[in-house]
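One structure is given below, encoded as C-alpha cells.
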Amino acid sequence: MTLTNTASQPRKKPHAQWLRAGMNILRFLLHSPPSAFGLTVLAALALTALFAPLIASHDPYLQDLGNALAAPSRAHYFGTDELGRDIFSRLVFGARITLTIVFLVTIVVGPVGLFVGSVAGFYGGRVDTILMRVTDIFLSFPSLILSLAFVAALGPSLNNAIIAISLTAWPPIARLARAETLTLRAADYIAAARLQGASPSRIIWHSIVPMCLPSVLIRLTLNMATVILTAAGLGFLGLGAQPPLPEWGAMIATGRRHMIDSWWLVTFPGLAILSVSLAFNLLGDGLRDALDPKQMNKR
Amino acid sequence: MRRAIVGQVAGVLVTLFGLLVLTFVIGRIMPVDPVRAMVGEDATREVYDTVYRQLGLDRPVWTQFFYYLWDVLHFDFGTSIRTGQPVLEDIKRVLPATIELATFAIILGASLGIGLGVAAAVNKDSWIDHLIRVVSLLGHSMPIFWTGMIGLLLFYAGLGWVGGSGRMSQFYIGLVPERTGFLLIDSAISGNWEVFRSALNHVILPASLLGYSSAAYITRMTRSFMLDQLGQEYVTTARVKGLSNHQTIWRHAFANIRVQLVTIVALAYGSLLEGAVLIETVFAWPGFGQYLTSNLLIGDMNAVMTCVLVVGVIFIGLNLISDLLYRVFDPRTR
Amino acid sequence: MAQTNPILTVKNLSVRYGANAEPAVRNLSLSLGRERLGIVGESGSGKSTVGRAILRLLPRAQVTAEQMQFEEIDLSTASERQMLAVRGRRMTMILQDPKFSLNPIQRVGAQVAEAYRTHFRCSKAVARAKSVAMLEAVQIRDPERVYDLYPHEVSGGMGQRIMIAMMLLTDPDLVIADEPTSALDVTVRLNVLNILDGLVRDKGIGLITISHDLNLVRNFCDRVLIMYAGQVVEELAAKDLDRATHPYTRGLLAAQPRIGGTRQPLPVLERQSEWKTAGGAVS
C-alpha cells in the first residue's frame, strides 16, 4: 500500500493494514531466536495435529500386549506403553487434544475477559466495583485448585476440564482489559466519540476493545502456557481427558507405574508438554517486545 | 492510614463471603449424591430419606446457604465420608506436612529467584541475562509432576542421592513424638538426628523442584523491578557519591524493591500450594494436596469444599499481609 | 581566564551510545581552572553527556578522548577503583531534579552523611554532625529536624539544597551542576543558585554548570561554551556574550525574551547543517 492510498482511504482497506501489521510482527518475531523457536514449535504442533493420521506410524489406540513396554527402537520411535500402544503415535494424536484445549479456552476466555474488563473500566462506579469484586474472588484461588473444584463438581472429562479451565482463566484478562480501558477512557478521541453521540456499546466495541487487543493477546499467549500445564495436571490427576484418549498428562499418569523400568513412558509426553508450554512463553515474550511500546522503551 | 486498613479489611471480608458463595455453589452442582455417599448403595428408602432431611437438603437453597454459613462461622465443616473424622481435624493433621514442604521450597525459591533476578538486571542483555532468562522460563514451563518423576528417576533411582517417597524412611515412622507436626522441627526437638536426616533427605528433592518452579516467577519479577530502579536518577546520585557498583545495587536499588519482593514472595508461596497438590501425589507426601485429591476422586464433598475454602483463605490472608507490610515499610505510604 | 594549572583538561572527547551512527558528543575540548564554566545548549545537544563522561558514568557508551586529565589522574585510563576514590570525593555532580535524584526510602540526612562516610573513616555521630553543619551552610533552617525527613517530605528547593550539601560536603575540587535549577520553581531558583555560587567561590571549587538557560549561565559563570549537535560551536567569556560571532549563538540570544524589549514575536532559530561539520572550532 502506498502512502497516498492510506491517507485517502484510511477506513476502506483495514484488512490490508492488518495484514501488513501482521507481517511486520512476524518479521520481528523471526528475528529473535527465542520467539522464532516458539513460533516454530507451535507451527509444528498445529501441523502435527492437522496431519496426525499421516505422521503417526501406528494406530494410537491399537493394543499389542505381546509388545508391551518395548524400549524405543526403529519400529517404535518412542517405545510402547503398558498395553503395547505406540507412544510416538499417541503423542501425535495428543497434539489434537492439546490444540483443542488451547483453541476452546482462547475463544471463551478472550471475549469474556475483554467484555467484563472493558465494561467495568468504561462504566466505572458500582458496575466496576461489583465486576471487579467477582474477579477478585476468582483470583483468590490458585487456578489449578479452582479448576479441580469445578471438575470435581462437573465430573471428570475432557470437556469439563476445558470448562473448568476457562472459568478460572478469564479473571486476569478482565483485570488487564479494565486497566487498559481506564487509561483509554480519558483519551481525547473517546471524548470526541462521546460528543458525536456514539452509544456506549459502540464506543466500547469500536474504540476501546481494538486498543485493548494487543495487550490482551500477549497476556493470552503467556497464559496459554499455564493453561497447558493446568490441563496436563488435571489429566495427570485423572480429572481431565479419560483413557484411552492420548492426552499427554494422562499418559504420564498411567506411565508412572512402570516408570522405574521404562523411562520412556513418562519422559516423552513430559517433553511434549514442556516444549509446547515453553513455546507459548517464548512467543508471548516476543509478542510483548513486538507490540508493547512501553516495554520497548525500557532501559 | 487507619482508614485505608479498615477499608482493606472490609474488602477482604466481602471477598471471603464471595468465597463461601462460590464453594457453596460448587458443592451444590456436584453430581455426586451426598446422601448416597454416606448411606451406601443398598440403604433402604427410609434411611435415605432420614439422612436427606438430616443434611437439610429438603429445605430451600437460600436456607441451606444460611445453615452452611452458620456452620462455617462455628468452624463446623462437617465430617469427611472417607475418614469418618471431622474435616477440620483431618486438615489440621495434614496441613503441617504441606507447610513444611512449601516453606522449605519458598526459602530455596526466593533466595535463588532474587539472586538470579538481580544478576540478570545488573547484567542486562549480556549472556548472563540470556542464560538466566532461559533457566527461569524453563522452570516456568515445566509440568511439576513430570519434573518430580524425572527427579525421582535421576536422583533417587539412578544416583541414590536423596530419599524416595514419603516424608521419611518407613522404619522411622512413629519414632518421633508429634509436637508441632513439622517433622524437621519435631525430630530436632527430640534430638533424634537420624530421623531428622531422613526427613531432610526426603524433603530436599520435592522442595527444590517446587522452589525452582517458583524461582522462575520470582526471578522474572525481581529482574523487572530492579531494571525499573536501576534506571532511576537516585542510582546515579549514589554512583556520583563514589559508591561501588555493589553498594549502589544492594544499598540503594535493591533496598527500594524489598517491599515489592515481599508481595511477590507471598504470592509465590500461595501458588506453591498449587504445585504441592501435584508434587505430593508424585512423592506420596502425606499432606494437604494428597488429602484433597484423594477426596476429589471419591466425591467427598465436605472435605473438598473445605480444602478449597482453606486454600482461598490462605491466599487472601497472604495478600492482606503483604498489602499491610507494604504500608508499614514504605515511608511514602505512611 | 584559564589559569596556569588547570583542574580539568579535556581534548577531543567523543561519546557514542551503542552502535548509533550519530555520536552524542563530538571532538569536545575544554580546560577548566578554579573558575565557573557554563555549557549551554538545547536539549539533545549532548551537554549532559559531557558531565557524565567526565565522571565516567557511562559504562555502556563508547567514550574516546585524546586527553582527559583531572589534576594528576588520567581519566581515560584510570581504573574503576581509582574512580571510586575520585567520584564523590574530589569530583561530584549535582543532578537536575531532587524528586528523582534522592533515594525515596532513605532519610535525607542519612543520604548526605553517606557521601561523607564513603570517603572518610569516622563514627556515625561525626558524620551526622558534619552533615547537619553542611545542611545549615546551605541555609536550611532547623537542620536537625530536616535530617530525619524523607525526600517526599521536603520541597523541591529544599531538596536541591540538600543535594548541594551532599555534593559539597567532601570539599571536592570540581563540581558539575547538571541543570541544577530547571526542575525548581522560578521563585526559588535564584536563591538556590546564590547558595551554590557562594559556596563554590568560598571554597575555590571549579564549577561546570550545564544548562539550556543562557541568562542563568551569563550571570553565574565566568566563561561559556555553546554546544550544538554534540559539538562546541563557540567559546566566550560570559561578559562578552553580546559580542558572539557564531550565528547559532546569536540566534539563541535573539530568541531570549527581554524585559523592555520589543513586542514583536521572538525570532525562530534557524539551524544550518554546516554547523554540524564545522568541527571543534574552539582552540
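Remarks
We call the chains A, B and C, going by the order they appear; numbering starts again at 1 in every chain.
Everything below uses one rule, namely that a residue touches a chain if its C-beta (ideal position, glycine included) is under 8 Å from a C-beta of that chain, and two chains touch if they have at least 3 such contacts.
The UniProt protein names, listed by chain, are A = Putative D,D-dipeptide transport system permease protein DdpC; B = Dipeptide transport system permease protein DppB; C = Putative D,D-dipeptide transport ATP-binding protein DdpD.
As the structure is a computational prediction, the values presented were derived from the model and not from experiment.
Each step here moves to a touching chain, and the least such steps from chain A to chain C number 2. Of the two chain pairs examined here, B-C and A-B, the one linked by more C-beta pairs in contact is A-B. Note: centroid distance chain B to chain C, computed from Cα atoms, is 52 Å. If each chain is reduced to the centroid of its CA atoms, chain A and chain B end up 25 Å from each other.
Annotation for chain C: no residues touch 2 or more other chains. The set of chain A residues touching two or more other chains is empty. Of all residues in chain B, only 14-15, 18-19, 22-23, 26-27, 29-31, 124, 133, 137-138, 140-147, 149-150, 152-153, 157, 227-228, 230-231, 270-271, 273-274, 277-278, 281-282, 292-293, 296-297, 299, 304-305, 308, 311-312, 315-316, 319 touch chain A in the complex they form. Residues 34, 133-134, 136-138, 140-146, 148-155, 225, 229, 232-233, 236-239, 249, 252, 256, 259-260, 263, 266-267, 269-270, 273-274, 277-278, 280-282, 285, 298-299 of chain A are the ones touching chain B in the complex.
Interface residues of chain B, counted against chain C in their complex, comprise 232-234, 236-244, 252, 255-256, 330-332. Taken in their complex, chain C has these residues touching chain B: 52, 55, 57, 84-89, 92-93, 95-97, 100-106, 111, 114-115, 118-119, 150, 152, 163, 166-167.
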